[in-house]
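Structure first, commentary second.
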Amino acid sequence: MTTHHFNPTRYYTAIGSWEPVLRLVDGDTVITTTVDAWGYDSRGQQVTRGGNPMTGPFYIEGAEPGDTLVFQIDSITPNRPFGWTNHVFATNVVEPDFVLELPQIDGIAEWRIDVEAGTVTLVKPETKLGQFSLPLAPMIGCFGVAPAGDQAIWTATSAEHGGNMDYRGFAAGVTVYLPVFVPGALLHLGDVHAIQGHGEIVGTGVEVSADVQFTVRVVKGKHIGLPRGDDGAYIFTAGNARPLDQALQHATTEMARWLVQDYGLDVLSASLLMGQAVEYEVGNVFDPAYTMICKLPKRLLEPYWKG
Amino acid sequence: MTTHHFNPTRYYTAIGSWEPVLRLVDGDTVITTTVDAWGYDSRGQQVTRGGNPMTGPFYIEGAEPGDTLVFQIDSITPNRPFGWTNHVFATNVVEPDFVLELPQIDGIAEWRIDVEAGTVTLVKPETKLGQFSLPLAPMIGCFGVAPAGDQAIWTATSAEHGGNMDYRGFAAGVTVYLPVFVPGALLHLGDVHAIQGHGEIVGTGVEVSADVQFTVRVVKGKHIGLPRGDDGAYIFTAGNARPLDQALQHATTEMARWLVQDYGLDVLSASLLMGQAVEYEVGNVFDPAYTMICKLPKRLLEPYWKG
Amino acid sequence: MTTHHFNPTRYYTAIGSWEPVLRLVDGDTVITTTVDAWGYDSRGQQVTRGGNPMTGPFYIEGAEPGDTLVFQIDSITPNRPFGWTNHVFATNVVEPDFVLELPQIDGIAEWRIDVEAGTVTLVKPETKLGQFSLPLAPMIGCFGVAPAGDQAIWTATSAEHGGNMDYRGFAAGVTVYLPVFVPGALLHLGDVHAIQGHGEIVGTGVEVSADVQFTVRVVKGKHIGLPRGDDGAYIFTAGNARPLDQALQHATTEMARWLVQDYGLDVLSASLLMGQAVEYEVGNVFDPAYTMICKLPKRLLEPYWKG
Amino acid sequence: MTTHHFNPTRYYTAIGSWEPVLRLVDGDTVITTTVDAWGYDSRGQQVTRGGNPMTGPFYIEGAEPGDTLVFQIDSITPNRPFGWTNHVFATNVVEPDFVLELPQIDGIAEWRIDVEAGTVTLVKPETKLGQFSLPLAPMIGCFGVAPAGDQAIWTATSAEHGGNMDYRGFAAGVTVYLPVFVPGALLHLGDVHAIQGHGEIVGTGVEVSADVQFTVRVVKGKHIGLPRGDDGAYIFTAGNARPLDQALQHATTEMARWLVQDYGLDVLSASLLMGQAVEYEVGNVFDPAYTMICKLPKRLLEPYWKG
């Protein structure tokens, strides 16, 4: 269990079976950096072309197709004092007629990020909001493992392998589970947001470069269908598709399968439990594939855990 | 400001311009009862045909098209010790292929409702859940005002007038705002659930008859587009449509309009605020129209309130 | 088998269980008129408020819930020389970003309708199209039977009962089948278009008042789930829902059921036949419920007909 | 203008920037073969893994990002006497409840393909259809150019680059236009169907290996957004997305842009023309991205052509 310090020099805008940048073993920790969605680093310099450039891929020894990769997010720290967002709602998240009422404004909105104070503050443009501050809540917008076959999936979108899920719950302290499709899993990550609302409805979070620390493990022979997570209070699954209805179908089905796989339930008992206790959270409704999160409180599941 | 005790004898399964059962004035409170989704009352007797039978309609003096009706939910108390749910996931909330794995079980699942203890407990069938209890959390599944024109809208579905939104946030202590389409508004309510998960993914909450107390007010000359609510901590809007994407578009747009209407913001500032702070909650993904809730924390909005 | 001449004086903008205007028996023919979508008649005078006002309802003796009403469209003839359309694409049929490129133009576009010549010609505004003429192809935009229960369904939308399907295949010579939900079926019709493209993508056809002749029959004890039709060359089913995917699911399923019900097939053989031979046509993608048509050529089905 | 005979030995199941198998110049013709969706060739031998393996990619000299590749389908001839389909409807094309009525049958259905007679005949299983024959109508299910950036897109799905559109209109005699994203365009093709219904609702056409002849040209400096086609009678555009509504939005918008680009119209006149004359055809509603075709008759456009 080594801790690696890795400085990326090459970034990818698709998640695929690229030459690994580092080989890790079960239990290893990596401390690295990510650039922002447009390829700007901690100094505010563009070091690669935009479109959610990924740090990685990291090869995890022993990970084989059919296994599960455990991706534990240890810490996410914005490493520069400014971030940016779009100005107005994405055209696809409002009523079609309301699109005509959206102001057309060039450029980006700027936000000051104060890691010490734990705040994110709108700096520009001047608006009717006046001084507007929100608590810092860093998350990883895009991460995933190489997909099967010859595919390399654009970092704008998401699927079974993870990808650009833009869910604000992928924060420090969360353990993520990813299905492995290729030898070594080939983990990629990037596109950190200092904060983001549900749905990413302006098409961005507060986009920023960051220092990220994570730890990997491999669960041999455990097959899962979609990204899963555990934030201490909840377990959750991520469905990625359009429309949101289909993303919800994926997330719901994966949660039912998880209850059968690890909690000793059958589909009937999973239905009865989820029917009255399930929660959903919207990851994003902006990217080509939307992300819907299906959640269950862990305290409710404790009696059933067979893990 | 009178308190009325009203015992319903006639129920409707569509929300429309029926003969009012009671005339109320601004500030009046009503204490009444609702039957369950299949028309069974507190004694467990079927008193009307099923399909979310409505108590009402109540005529509110002075409410005219273009006004807003304030519907304050004072209390919701199940008035019998048993409720029921469906057994398994609705076929439309899981992956299409997973439908083949759903067990086909006749009849309904039974739940014991203990108002004193504040619990809802699965009684039948016996499952791998064993003893399974959840906290009582009563909500009104279906309520609304008469729609415009000649319409009478089925209580299975929802629209601008409210209807079968099946959102668990319509609970005691919540103030709901409804657009008025016809003179007197004509408020209907029914279909109480002792508890319900997000999404109503088995197609029911714990269905029960109930004692309900509510208070009405009229805001003259205030036009809103969709149901809105305030639960003390959050303000929220309800979008009703399929797919869920469209429900989300409606809810998001109504929230933006609310911020412009009552909080002195413009579309740009509403976008910047909502983009990083908005939350969504899934009402239901079972009914003909799905319901998506768009929420904002009230503490964030305090500086802007112009009411 | 009587031929009735009926002059409407009262119109409804919801399809419901209104007092019938005329009682018909099996085989009767009706010659009547319809006003245009905004309530304007053959003289160009507004005789009722807009929103697809319906002529009817017609009570058909002997039609009971569970039967099928046969609605044979004998003729549709625009009865004035002008019609109108919207100017530009509905905002929901183009990419959300493209909405910003739609010109905002007040008023309506005017078209000259020449029944003798069989043409529909754009008159105003002047555009880059210059002289632009299309062949006259009249259709009934909205028709249906009273829905079940207490409902009265807005004539803007459609469902199992028919309604505002805006499918250009509902033309003279077509036999339509409708499920009966209430005694007498209560047939409504209106909203004739002189021509309309697939999808009704500007939100209107060429809207016009018309003389309509139709004949009714009742098929006792025959249950169907959705509107069905026969245009001589094809049989077809109409699915009404959003998104279009769901409308397609309804239409496809109803066609499979029809093949089982009347053609002696089972689901396997219906699948094999439809899989390689089915056709779809888009009714509308503008109304609250979209309409998708599922079609099969009759020559292919002849060997199987058991009717 | 050379005619190349190319025998593929390597196939890809993602469309990407692979090493080209052949370099072509503007006007060149290629005669080649494709294997079926599961990698079986003309002898019925599996020569590569399944999942719509592609022949190619072909590098076209002079094609640069921002140009348009012209892909003219000269001929498609099944090169073996048997094809196969799935047995029953895909679970996503029928009502969710109807999924429970789908028979579960192992294996595939077999069809005899008689190129001389021009027929496709169901051989197995025996069904209530008895002898069931359809006219041979070969089409290319999947073809496209390498997408931008680092992407390699799975041949199960489709996007701006083309891909698995499964539209039966991609037949011999059709000229297809594709946007170029990478130098050389890198054209792939495969997945021929001997016939297919609209929508590919059993999840397959009659899958077969084939001899294919095509000719390529490059239109320098002409930018298009999506695949376009011309079948002699119609011009058409292909929108690829889910839900079908979004695919329709893409196809409609691309057609409007085409009318502006090549026919001297503006958005107003394009709206007026398309509103009353547009046609849609469903490509597929099975693949991860659905395909909707937007069509206009060429005779209607002749007065406006500015090419």
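Worth pointing out:
Labels A, B, C and D are assigned to the chains in the order they are written; within every chain, residues are numbered from 1.
Here is the rule we use: contacts are C-beta pairs under 8 Å (C-beta built on N, C-alpha and C of every residue); 3 or more make two chains touch, one makes a residue touch a chain.
On a predicted model such as this, the values are computed, not experimentally measured, just so you know.
The chain with its Cα centroid farthest from the Cα centroid of chain B is D.
The chain pair C-D and the chain pair A-D differ in C-beta contact count, and the higher one is C-D.
Between chain A and chain D the centroid-to-centroid distance comes to 34 Å (mean Cα coordinates, whole Å).
Counting partner chains per residue, chain C shows two or more touched chains at residues 92, 96, 102, 242-243.
Those residues of chain D lying in contact with chain A across their complex are 12-14, 16, 18, 51, 147, 149-154, 241-243, 246. The residues of chain C lying in touch with chain D in their complex are 85-89, 92-96, 98, 101-103, 105, 109, 120, 122, 125, 127-130, 132, 134, 195-202, 204-206, 242-245, 248-250, 252-253, 256, 264-269, 271-282, 285, 290, 300, 303-304. Those residues of chain D that touch chain B in the complex are listed here as 90-92, 96-97, 99-100, 102, 104, 243.
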